[in-house]
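Right after this note come the structures.
Heads up, the next two complexes both have subunit A, just with different partners, subunit B and then subunit C.
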Partner chain A sequence: MSKPKVGFYWCASCGGCEEAVVDLAETILKVVDAVDIVFWPVALDFKRADVEAMENGALAVSFVNGAIRTSEQEEMAELLRAKSQLIVAFGSCSHLGGIPGLANLHHQAGIFRRVYQEAPSVVNPENTVPQWRTEVPEGTLTLPVFHDTVKSLDQTIDVDYYLPGCPPPVKLIVGAVMAILENRLPAKGAVLAPDIALCHECPRKDSKPEKLLIKEFKRPHEMLTDSRQCLLAQGLLCLGPATRSGCEAPCVGANMPCTGCLGPTSHVKDQGAKVLSALASILDSNDEEQIEARLDDIVDPVGTFYRYSLPASFLYAHPSANGGPQP
Partner chain B sequence: MSNEHRSESPRPFRPDIVAFFCNWCTYTAADLAGTSRMAYAPNVRIIRLMCSGRIDPQFVLAAFRQGADGVLIGGCHPGDCHYQEGNYKALRRYKLLRRLLKSMGIEEERLRLEWISASEGEKVKRVINEMTEELRRLGPLRLAPKPQARRTRLVPVAGGVP
Partner chain C sequence: MSRKIVIDPITRLEGHGKIDIFLNDAGNVERAYFQVPELRGFEKFAEGRPAEDMPQITSRICGVCPTAHHMAATKAVDDLYQVAPPPAAKKIRELVYSTFYVEDHALHFFFLGGPDFVVGPTAPKAERNILGVLGKVGLEIGKEVIGLRKELRDLISLAGGKVIHPVFGLPGGVSRALTEEDRQQFVAGAAHAVRFARFSLGIFNDVVLKNPKYVEWILSDTYTHKTYYMGLVDRNNRVNFYDGDLRVVGPDGREFVKFPARDYLQHVAEHVEPWSYIKFCYLKDVGWNGFNEGADSGVYGVAPLARLNAADGMATPEAQAAYEQFYQTLGGRPVHHTLANHWARLIELLHAAERMQELANDPEVASPEVRTIPRETPREGIGVVEAPRGTLFHHYQTDERGVITKANLIVATQNNAARIAMSVDKAARGLIHNGQVDDGILNLIEMAFRAYDPCHGCATHALPGQMPLLVSIYDPEHRLLRTVRRD
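Let's turn to the complex of A and B:
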């Protein structure tokens, strides 16, 4: 009997998710023994036409990473949906919009101005910017359309499962692959990770005070961090209380606060709102002026609370991203 | 009702306010305003909670996404919270939430916090009327339309997953 066929694809992403597959190390040999990888642009030479030639449902599962920003990514997501029995949104960008999702704070024209003109590393005296259509003597050249906003994968196609994380932890990837191979998947729509907050598996859990109250919010470069004590108790904006566990807290282990890449648990609809709620609750002040002064220390509320989840949030985007008034 | 699909209507704009009032002070005050037959703007939908400290910022954002033009939070005066400190928690969340809303292109005035004790029926009336006027001046809230998660197409898995 032939082995189940598997596809990998990347959309608006950094390549870190592909790296996570490589991080499987020798475990990947077990995976390759069990399945045939028939589409993986970063590693194999199969093209879009090869996928188009497959029968619908020919792929047992496709792992799609990256958010959806362009028409090409949308088309590929739809193509893989048709050809795959299961679609797994792989990584934060695909799951919740991820870091590219923060572009929903800006208008498309502003993004192009920054990227193709203003960025310090750019030399572009002729102000060349990508055009969707360009007429040349030989005919019309086209590029994929750059949409107004960034979407998560499930805002584009029907998604069966989610593998969270930036990138997904190796342990979760192996667990998901095994669950698929052994046909013991949970209900459709599940996030394939524990459904409990990160604090529960944090190595510093025992150092969290009974009543957590902090005098001021700090950033890692402003202090010498105690490598044993709860980071929140030290005033760092650690998102562990509002983030799903499953990664075993490697960031906290490296003395860096959690930034929330595994997204919220299933009980939370809007991760940023929950982060906000948790941080405001533990600020030790009841004085209005003092509260305002302390909150000034949170320099970028949206980027901090919604670092990986803006497109999945209630507010989704700044109105100007959709052509509303510019800020 | 949704902020995404509201069409321009020839009628004057009638803002919708979602109000979260605590059981012990502000909701009782709203009750008092009612039994005292005070008239206030009919634009408000009041939701009673046990404490302003119960207001999850998710409630506020969900209200905006589902069509509210403004959200009003009412709690006990500082020092008067039935649960001692719940209203201070609400205050801190409110302050941070206003900053978040501003960064997301939503006027801060659309979120208002007022301390209203059980005897201040008159203040309920004044605050609701003021906020209705303020929202009328600001106009309808226009959020960026959010694409719905696709949950329509269930792909049959022949013979189970491999």
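Let's turn to the complex of A and C:
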């Protein structure tokens, strides 16, 4: 019997997801014995044309990381969808849009203006910005066109499963691959990680008070953080209650709050809304003005609550995508 | 009438370089353009974010060198709040940074740049990879590289929370102190790193320097540009990756200017071309005079070779000896031969390993005092480190709450962008004649930019395998004549 064929691909990403796969080190060798990796541009010589030549469904599974920003990325995602029995969105960017998804707070023209014209180190008297096509004395040069918004993978193609995290924890990657090999996958659409909030596996969970109430929100540089006590109880915006577990809380281990990279559990549709409701319930006040003042202490609600999930959120894309006003 | 050759890595579109080569009627190169087809706009969406989150947000620029962005951002927020971290915190940061340097430089040599030399620049392409390297130096070495990488990356996780996207940098210190037990793990890792660095330089000596043909490649005019060089130096003008002043030397090797990071805008400027998303840095004091070399052109280089050229030596003893041998062999400072970057990188590997060892053996790194609480009102902060691929600038302005209002980032490869473009153009001109393009020639052109360990989208350099290329040759009506694939 031939081994199942597997593909890896990356879209708009930082390369961290690829590094995470390399970090499997010896662990991956067990997996490699059981499958045939036939498409992994970063490491292997098989090319797009090789994928195009495959029968539809020839790949048992493709792992796709990175968000979707260009037409080329859309084409590759669609090609892999056609050739793969299963598509796994790999990592925060693919799953929810990721940190680069925060660019959806801005219009592309605003990004270009800042980067190529306003940045203090730029000297650009002619206000040049990069062009899709440029005529140079020798001929024509082209650059890929960028869409105005960053999309998650499932806003582009049908996705079967999700591996969450920035990057996905090694343990979850191995678990997912084994589940596929042993044919014990959950229902389609599942996130392949425990469906329970991070607090449950937090090394500091015993220090979380039964009824958590806090007077004010603090920022990590403003205080000497106790290295044993629940960070939320210390007033830090730890997103553990609104974030899925599976990472074993390495950020908390380094004495820093969870920023939510694994996304929400299946019971939550919008991670940022969940954070807001979690925070509202622990704020120790019934006075409206006081509550408002305390919430004002959160200096960047959208960037904090939706750090990794803006493109997938109800806030979704830039207003212009819905015909709204330009910034 | 001209023909156009496009070298486009078809499999890794995002974050890759793209080369367009225009031929004239005779089939010789009119000009080769090196393009970067990506932009994510971190400078813009940094606006509105809390400054203390920038070390974690900007690390997402690159999952291969997240520690460099994390550290530049952390230093920028120190500056923003005018706060000095306690000595232990500063040492922990530099210890982690040195560990990261060893791991990153080692990977480049064995997996990416090394194959060209260890296996040979015109060896069959099937052998020009990590497996070919292992064929030359033995499979045990491969296991050693993987083992060292894992050990060092686990150490970064130990101190930094996560190796891919660390979380420990805060204005005024680090989030977590190291225990004495943690420190002992670093001591063991550092000893391993030093042994490994010596061994790697030994391989370079045996395989490359003892082969006159390879030395001839390094010295050849095709891979040479006489430009300015920039790098961080300590008080004694020795190479430093984490801290110090920026020093620039001219094509003649003499100091041109030395300045603190805070003054970078007086000395570094960026030029915009319509055909690439990357901006091209140049020395403001000299000016932008096109893609040209020489003292009248503001083009400068960064990264290993540039750092060695910009310094008077290395800060650690064994690396210093290697530095002296380097300049003795290559005819004195500065060295303008781009391919010498590979050798310079290994000297830096040894420097990083020795520095890691010095810091790990300092009992103070296990001190519990790792935080200074910022008291000043934030306004503006600038942080600079030497990323493995060159000088990295982070510059933030904030409101009085420390929320970013403006951010400016100059990433390592941007400093090198003009010089890389020139190297590719020169290599293409030197190697393509009468329309003859084959796989070997393409690799020789590719070597011109691989030596820089370029970091477009920041993932290009680090992983096994080679940069895949597709060359399409078009007639003047843009009809495809033929393609050459370089898998």
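Observations, loosely collected:
Everything that follows uses one rule, which is that the second predicted complex is superposed on the first by the 290 of 327 C-alpha atoms of A that agree within 3 Å, B and C clash if a C-alpha of one lies under 4 Å from a C-alpha of the other, contacts with A are read in each partner's own complex, and residues count from 1 in each chain.
The definition used in the following text is that a residue touches a chain if its C-beta (ideal position, glycine included) is under 8 Å from a C-beta of that chain, and two chains touch if they have at least 3 such contacts.
Predicted model, so just to flag it, every value in this text is computed and none were measured.
One of subunit B and subunit C touches more residues of subunit A, and that partner is C. When the two structures are aligned on the shared chain, A:I111 is found in touch with subunit C, with no touch to subunit B.
Of the two partner chains, neither subunit B nor subunit C is touched by A:A190. In the superposed model, A:K151 lies in contact with subunit B only, and not with subunit C. Of the two partner chains, subunit C is the only one that A:V299 touches; subunit B does not reach it.
In the superposition on chain A, A:L24 makes contact with neither subunit B nor subunit C. Contacts of A:Q131 after superposition on the shared chain: subunit C is touched, whereas subunit B is not.
Residue overlap on subunit A between the subunit B contacts of one complex and the subunit C contacts of the other covers 105, 300, 302. Here subunit C touches subunit A in the complex through residues 2, 4, 10-15, 20, 22, 30-31, 33, 35, 37-45, 47-50, 52-53, 56-57, 60-64, 66, 77, 81, 146, 149-150, 153, 157, 159-168, 170-172, 175-177, 264-265, 268-277, 279, 281, 284, 288, 371, 373-374, 395, 401-403, 406, 408, 410, 457-459, 462-465, 468, 485, 487, going by the rule given at the top. Looking at the complex, you find that subunit B touches subunit A at residues 56-58, 60-62, 64-65, 78, 85, 88-89, 91-93, 95-97, 99-100, 103-106, 142-155, 157-158, 160-162.
Listed in rising order, the residues of subunit A touching subunit C in the complex are 10-20, 22-23, 25-26, 41-45, 47-48, 66, 69-70, 72-73, 98-100, 102-103, 105-106, 108, 110-111, 114-116, 119-124, 128-131, 134, 136-139, 141, 143-144, 146, 166-167, 219-225, 227, 250-251, 253-256, 259, 299-300, 302-304.
Taken in their complex, subunit A has these residues touching subunit B: 4, 57, 60-61, 81, 84-86, 104-105, 149, 151-152, 154-160, 180-181, 183, 185, 188-189, 268-270, 272-274, 276-277, 279-281, 283, 285-286, 288, 291-292, 295, 298, 300-302, 305, 313-322, 324-325, 327.
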